[in-house]
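One structure, as structure tokens, below. Some questions next.
We just call them A, B, C, D, E and F in the order they show up, numbering each chain from 1.
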Amino acid sequence: MVYLTRVEHFNAAHKLYNPSWSKEKNDEVFGMCANENWHGHNYELYVTVKGEPDTDTGFLYDAKKLSNVIKEKVTEKLDHKNLNMDVDFMSGQMCSTENLAVAIWQQLEPYLPKEIQLHCIKLYETPRIFVEYFGVKV
Amino acid sequence: MVYLTRVEHFNAAHKLYNPSWSKEKNDEVFGMCANENWHGHNYELYVTVKGEPDTDTGFLYDAKKLSNVIKEKVTEKLDHKNLNMDVDFMSGQMCSTENLAVAIWQQLEPYLPKEIQLHCIKLYETPRIFVEYFGVKV
Amino acid sequence: MVYLTRVEHFNAAHKLYNPSWSKEKNDEVFGMCANENWHGHNYELYVTVKGEPDTDTGFLYDAKKLSNVIKEKVTEKLDHKNLNMDVDFMSGQMCSTENLAVAIWQQLEPYLPKEIQLHCIKLYETPRIFVEYFGVKV
Amino acid sequence: MVYLTRVEHFNAAHKLYNPSWSKEKNDEVFGMCANENWHGHNYELYVTVKGEPDTDTGFLYDAKKLSNVIKEKVTEKLDHKNLNMDVDFMSGQMCSTENLAVAIWQQLEPYLPKEIQLHCIKLYETPRIFVEYFGVKV
Amino acid sequence: MVYLTRVEHFNAAHKLYNPSWSKEKNDEVFGMCANENWHGHNYELYVTVKGEPDTDTGFLYDAKKLSNVIKEKVTEKLDHKNLNMDVDFMSGQMCSTENLAVAIWQQLEPYLPKEIQLHCIKLYETPRIFVEYFGVKV
Amino acid sequence: MVYLTRVEHFNAAHKLYNPSWSKEKNDEVFGMCANENWHGHNYELYVTVKGEPDTDTGFLYDAKKLSNVIKEKVTEKLDHKNLNMDVDFMSGQMCSTENLAVAIWQQLEPYLPKEIQLHCIKLYETPRIFVEYFGVKV
């Protein structure tokens, strides 16, 4: 079994604000991240898939096709967007990097071909903070 | 003469939207950057100063003090903020990386000690796009 | 389960020298790293914790608080220090990056809150050499 | 148990071309990678080994010796070479990064000392595409 | 005056071989780089332009349009190619990184709009070797 | 005229301590950098030379030979050393990164061949602090 990772990029705005809390509690818990006028990040997204390389091509999966499906199903819906306002699959939940990584797994996993398995979504919020999600173990 | 550079970081939201134009013209010129719900970046800021090192210390200027003045006069006013809405020194102008680099020079330059000169503001908008400003040549 | 990583930095001096061996054997085994007048590194420290994100905040754990506990319990004790002479938790053992990673785990693990588990200490000695430690499997 | 990683570098040319297929099918499947006049990469190779650090040295294994064995058995056979034409252990198979990572494992594993185990071969083809191989699980 | 840099990427094969010399002299001068079966690199290309930002847009020049003209005139002619065999503007000269940087300047400069000036072509051959060219001073 | 840069690496220990001052004044001015038991860094050294590429080779200068002269005259004298105690050309002056960059210029410049000129010594002390020196303008 071999693991293949493709790195993609998107820029987005968000804020961390729980509408069931007071403004004071939001400021206390989220600090500068609760700024009502938004802030944003350059996110770096690492998508890792696993499987057996094909003997005719030597490929686990064509990295160009993997890039295309990530762009179509994920990054085009997030790039230059407001995560709280513009992204249907983040509505009704906090726009933390943790929740975003899990949501990206759920968006992408159904569209990968049967011969490969999604292994990890790794998402850099800044160069010094990142989150990893490996799916639900069954 | 020796040049010393200190790298600082901030996250911010912005949009590119000229209020004297129609929405159609803004979309045509700025594309995804005109998204009315904002988007954002992790900015990396390189501040370069120049001068003669002091013989007693070997320092051009203390990098910790340089970091402190950049934080106080620049990055604390930009980090986790909305450049269009929250930053007084960007009001009335487009929030492009070009204009932001020039404005950072103007914010910082008066607060540097007399023995050093500001040489360059270099500002990464993404890992693949950056702007440099060297001040007005007199 | 989600994994969150915070990257911190420290600079330190050390040497590799086993006092129960002759100088000749130390030079033979450790080469330049046995230089009696010390040498040093910019260490990059990756701390990974794991757990379930909180539904109210979307956070596994506040990255700012995680940074604060790493600074208080680990990097402030190591930054601009001599690992062999200044660091109580390294006394009596060789100051290799392997041993330092294990010691950082032991320093940090008791101070993390109950809702998260320490998963990995990853420590870069140079940009081309790093060590990982995942604790004792039980 | 501790994990130690050493990063090495090599440059090489290759093409992706299955000789049992027509030129048209190769172009369709491999696109620009099938260019008959070759293209090339700066490969970054991460070799991770695992084991128990030695109490006398604090080392899992001397990173300099690990570098030497990787150079002798792997990178000197690949650097400034044509993977399809010059590398005996790639003959008869497609020169994909997936197959190259597996072949590097097979070249290196027999020459590591008994006290350490090879854990992972990670190979960057470009800064945004990489492959990992962890051996055959038994 | 403000400087804007856009970073692009291409992979290519080449060899360094002077056909007016003997094989022995080529091997002596170019070493592994003279390998007749080619080798290759991931090149990183930094294109810097300069000028005055437009007051309506805040842009020196649209970074997306700059990327498009670099791709059309330069990187699409180089990516996944053999620099010695496939690239018309390198024919008849040695495929060193120095010559390639000068040739990229000559390819790109006529196609930039009048309001901006090309300032620098910076080309990384490996992460530790790069070349810069600033044009002919007049 | 073309500029060629070669990047080299060394690790070293140092402290910032002016022997003509009291311990209190050293602590006040240099803070943690005055720690009497040393601290250290992974330094990254960028050496830039300039000149005209040779028409027979396409090279400004052979990057391998440039690397060799930097190693022989500079980095082998600094790597795994104590800058205050082990390095003759730093004796009698403060071991700041500013002074070290100037001293590296003076060590290297006499040994470069006549056809190239030294243009810049750029020295990273940490990933976020660096110094540049361009020699004495005449």
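We adopt the following convention: a contact is a pair of C-beta atoms (placed from the backbone, for glycine too) under 8 Å apart; a residue touches a chain by one contact, two chains touch by 3 or more.
Remember, predicted model here, so these are calculated numbers, not experimental data.
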{"item": "Distance in touch steps, counted as few as possible, from chain B out to chain C", "value": "2"}
{"item": "Chain whose mean Cα position lies farthest from chain B", "value": "D"}
{"item": "Of E-F and A-B, whichever chain pair has more C-beta contact pairs", "value": "A-B"}
{"item": "Rounded Å distance between chain A and chain D, as computed from the means of their C-alpha atoms", "value": "29"}
{"item": "Euclidean distance of C-alpha centroids - chain D vs chain F, Å", "value": "34"}
{"item": "Multi-chain contact residues (two or more partners), chain D", "value": "31, 127"}
{"item": "Touching pairs among all chains present in the structure", "value": "A-B, A-C, A-D, B-E, B-F, C-D, C-F, D-E, E-F"}
{"item": "Interface residues, chain E side, partner chain B - complex", "value": "1-8, 48, 53, 55-60, 62-64"}
{"item": "Of chain F, residues touching chain C in the complex", "value": "9, 11-14, 32-33, 35, 37-42, 79-82, 85-86, 126-127"}
{"item": "Of all residues in chain A, those that touch chain C in their complex", "value": "16, 18, 20-21, 29-31, 93-96, 98-99, 101-102, 125, 127-134"}
